[in-house]
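Following this message is one structure expressed as structure tokens.
We call the chains A, B, C and D, going by the order they appear; numbering starts again at 1 in every chain.
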Amino acid sequence: MTATSTPKMYVPKLAELGFTFGGREPVLELRPGEVLSLYTEDCFGGAVKTIDDLPTRVCQMPYLNPVTGPFYIEDAEPGDTLAVHFLDISPARDWGVSSTFPHFGALTSTHATATLQPPLDERVWRYPIDVAADTVTFQASHSDFAVNLPLAPMHGTVGVAPAGFQAISTITSDVHGGNLDTPELRVGATLYLPVFVHGAFLALGDGHARQGQGEASGVAVETAMHTTITVDVIKGVSTPTPRLETNDGLLSIGCARPLEDAFRISQHDLVHWVAELTDLDLLDAYQLVAQAGTAPVGNVCDPNYTMLARIPKALLAEPAYGGVHERLRAIPWKTPEAGAR
Amino acid sequence: MTATSTPKMYVPKLAELGFTFGGREPVLELRPGEVLSLYTEDCFGGAVKTIDDLPTRVCQMPYLNPVTGPFYIEDAEPGDTLAVHFLDISPARDWGVSSTFPHFGALTSTHATATLQPPLDERVWRYPIDVAADTVTFQASHSDFAVNLPLAPMHGTVGVAPAGFQAISTITSDVHGGNLDTPELRVGATLYLPVFVHGAFLALGDGHARQGQGEASGVAVETAMHTTITVDVIKGVSTPTPRLETNDGLLSIGCARPLEDAFRISQHDLVHWVAELTDLDLLDAYQLVAQAGTAPVGNVCDPNYTMLARIPKALLAEPAYGGVHERLRAIPWKTPEAGAR
Amino acid sequence: MTATSTPKMYVPKLAELGFTFGGREPVLELRPGEVLSLYTEDCFGGAVKTIDDLPTRVCQMPYLNPVTGPFYIEDAEPGDTLAVHFLDISPARDWGVSSTFPHFGALTSTHATATLQPPLDERVWRYPIDVAADTVTFQASHSDFAVNLPLAPMHGTVGVAPAGFQAISTITSDVHGGNLDTPELRVGATLYLPVFVHGAFLALGDGHARQGQGEASGVAVETAMHTTITVDVIKGVSTPTPRLETNDGLLSIGCARPLEDAFRISQHDLVHWVAELTDLDLLDAYQLVAQAGTAPVGNVCDPNYTMLARIPKALLAEPAYGGVHERLRAIPWKTPEAGAR
Amino acid sequence: MTATSTPKMYVPKLAELGFTFGGREPVLELRPGEVLSLYTEDCFGGAVKTIDDLPTRVCQMPYLNPVTGPFYIEDAEPGDTLAVHFLDISPARDWGVSSTFPHFGALTSTHATATLQPPLDERVWRYPIDVAADTVTFQASHSDFAVNLPLAPMHGTVGVAPAGFQAISTITSDVHGGNLDTPELRVGATLYLPVFVHGAFLALGDGHARQGQGEASGVAVETAMHTTITVDVIKGVSTPTPRLETNDGLLSIGCARPLEDAFRISQHDLVHWVAELTDLDLLDAYQLVAQAGTAPVGNVCDPNYTMLARIPKALLAEPAYGGVHERLRAIPWKTPEAGAR
């Protein structure tokens, strides 16, 4: 893996897009250490192009939030951990869209938080994306107000086939990953997922040009992505809930309702992870996480909410998973068009 | 269907038991109006026979909460409603079992309500079932205390294949039914479920000799059942969430976390159902349900909790679903061994 | 106390009504065993008389949900338990009112479950009360639909001064009682409350001609009441959360959000109570409550929701609190106008 | 106010500490623009000095979380907004303490999330505070592990007298402020609180040398503080929920359970606040907050959890509250001992 490699390429046809984790056959095989460049459609399947394309008119359930994959990961077996490192996430369009969606989002009644009130108006916002300037532009729909926001590309949805013969909608998240919808899942991060089936069956999609914490309106700045990943398999090591590693932090992700349970899962996992990496007993690790940790909010709108618990790596003695994050980020690669990165 | 009919019979082999709704092929076809007698295994697959058979030792994930089926229902198409009427639910054994289960139940921390505390002790209780006396007997494990409780057979788990190509664990419940775990699902009740796939793919299991409201310990008095059902299809009428009809009440079932959302879903659906059957406007129906309704708790332990909203039928002008409940309960049938019922 | 006694009488002047538990001086002293007849205003202070009296127009915060009292209970000291037995609850008017109230209730967004949707329309319903026929009559506001419902008088709000120098709004409930809003608090019931201050400072109000489980619309059939109570003090016995005793059941009340915490508190307390009255160990008591218990819903609309956990007394060996319920219900009394009851 | 002023000083005697917001008489008057230096005791009243001082042994309910005050703010009337600007927050000791506390914290069952499990062990940690080095030091209790964390002084508890004649424990938070327990409440921040009574009755305490987001263990690094504040009154402008302003951001604070309601309240308020400061319509403001906002977690352990919704001020056209934050931070002052700051 020392030689700079040109990634494998995968661009799905429309019929190859998936709407569940599990229940589908792999579209490609990937070896640990291989680099893969792929294309992901936005959460509307690309059907919302203008502010007149209301999602409920141009989209149809259950054809929302398509994922690219699944990819069969060689050597991945139940009980292992899959590490997915994001080498690049680049918008495939110079625009993204967001919207309100009837009875979806944090500041509206929903299917579950059911009230007798009519839904909020359905409305679409179109965001110009300027990669050179590193901005996305918010333009108000009912006034001249406009403002640039930092471009911050990320994937909302990354997961593997779940346990127990299940096939779970890409709209939700759980221990298999899925619709995590956290801005922390960006370039440079390594996502750790438990493996439940031979080959793991990794799939991803739901690119966001940016997203606020909580994704309060239910929809981020949605866009198609050109994304490059590499993977590794940590044999015989299981992972209880999705985890992230960045260059300076470790994060555990909790997926649940109510929100305090997502918080509890994330903190509980981080306490155990820190205990393991520091040889602290559980109450000492709890104390350290409680004083030194942060709790970045993922989403508060999907079927399962997500909360993250984060600790700075500088506080810990040992690297996580034997240092796989450092190895994966060092893999040399180049885009087919461009030179090595 | 006026002549008394001997039911079709179906007793599953071990390998035919299912652990998901969706993702499996039908084991039998059933026509509307036909009567089917079937056998269901208990939630432990019959593996817990004595107080020494701790579930975590004798059972293995995901082989918990098996269902019998799925049954392909003729004429059932997406958008229809399936009516399942329970003609008989009889314990197939003269004993049932209950247990605590590590980190499962309402009065323990769980996977989601994650704490750093060790789990409660795992313990099994064995309940003698006396069909003639109509009792199940609680016997304390750490003292001589014993007391008879009324036998009240029911099914915890009844559902159809879910929407969106999903296959969902039989441990959870949602709009497709599933692990509803409500004592209201007993003999004489008609369960209404939305149809998402051609043939509906009905499956059921998880018989309880009795269950308290809330199933606080996470496990009811579990036993195998001989159960007789008949079904009907209400064409072109969709049902937003599972519903029950008894001889004197209508009930909507909400499946969600947190518990107030299960409550909201159930009340919201009942308000709309009452509005439809009385021609009341929505606020009038809300007012009537709020003053005249009850809210029987289903379970507060499964991945989705269940709450029911109930209104007496005597308050309403019209029968639900055109009177299908009355038609189904009048279907004459006899057990193979016995005479007509 | 063997001689039939004429109750003490207390009818508050408007300025004597209270809007907090704690923070106010007693209006009357009461000895254990004494009988007190009192008057309570409805939750609107009587200001909503017709369907044109919208609460937000005729009422003013914080002058909602007035209570009568507080009554100084002789011998009641911190650490004791106060038993309040309801000898009579009779509507003081031949009508009651209910309403929607902006952003209040279970099927609307609220101050806490905040959404961007406008509130539901504010509307008032007036219910004729017929004591002789034992009915309250629902009359739809937007159609001719009308139906009689059973009269079932109860008090929504009964409590004592809370701990820690607090004065808490009568809109909420907690361990001191308060706005419990459960239909189980009716004639014949004994309510057990912990005592936090010398004299306990009992107060009550918020009469309902009837209420559905959950009080989904946020407002019951509200009316003024003539109510007769008697009290006792159980010395040196503390009570962790409000409890009820009826002729055939024991009930623990949990006050909290989210609703599953109200459920947990109620079940947790009942498990401990049953363990104490049966000498069962905690897991045996948990098992018995889980299989034999019911979980009547109180309210799912107030600042704290309420859930009750109930067990039939027939299953238990010993009487609760040494049999105080039986003693209090046997106290002979007569109304001033009428003869002995 | 252009001349540098020496602050008023207030150091409470033990008997002057308060344990409620509301229900107490003012200890001092303060004019808008005046500077006040005061002393606050830690949440244990200073009783936990070593790792052997277990809180349940050395503290007594309800004498926890004492506040200094209340201060009568001249000109503050119901309907106004009180602005409290923190000029200085300096540890009054060279050590702080933290602890577990039985059935309190996010990763344990609690009084409300009641389970049958025993509590976690009670344990105390003592943190050396080095103001010169800007550190607090975590020392594990069961190993040699030690690590420096950034010193980040803040106040957990700041509030005014609540509405409706209430007196509310300093342990909880709500629209009157109180036990907000957010690390955002630090030097340089301006806290906006609604005024409910003449004089506002401001009180504060519960200094933390630092706190992680969520305060997962239930207790931060608690220490006494020397704190300097100044205040202003915004006449005729009400504030619906506590708000913060820093040099670069606006934050709304939601206090509620479950956690998603705290999130909803904070986001709902920020959307309305942004709409007001930008002339955006509500859905445009919702969209902007959803994409550009962050959601810093306060606490997930107190009776009410807190979540904050934050927007960068750079995105907004107008200053909040007419620029009061800029005016207050510019007020010159000096400590009695030291020179002007």
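Convention: a residue touches a chain if its C-beta (ideal position, glycine included) is under 8 Å from a C-beta of that chain, and two chains touch if they have at least 3 such contacts.
Model, not experiment: these values are computed from the prediction.
More inter-chain C-beta contacts link the pair A-D than the other of A-C and A-D.
The most distant chain from subunit C is A, comparing centres defined as mean Cα coordinates.
A straight line joining the Cα centres of subunit A and subunit B is 36 Å long. Between the CA-based centres of subunit A and subunit D the separation comes to 34 Å, rounded to the whole angstrom.
Note: centroid distance subunit A to subunit C, computed from Cα atoms, is 49 Å.
Shared contact sites, meaning residues of subunit C that touch two or more other chains, fall at 107, 113-116, 120, 257-258, 264, 267-268, 271, 283, 286. For subunit C in complex with subunit D, the touching residues are 19-20, 22-23, 61-62, 111-116, 163-169, 254, 256-258, 261, 264-265, 267-269, 271, 282-283, 286.
In the complex of the two chains, the subunit B residues touching subunit D come out as 107-109, 113-120, 258. Taken in their complex, subunit D has these residues touching subunit A: 98, 100, 105-107, 120-121, 123, 125, 136, 138, 140-143, 145, 147, 149, 210-221, 257-260, 263-264, 267-268, 271, 278-281, 283-284, 286-295, 297, 300, 305, 307, 309, 315.
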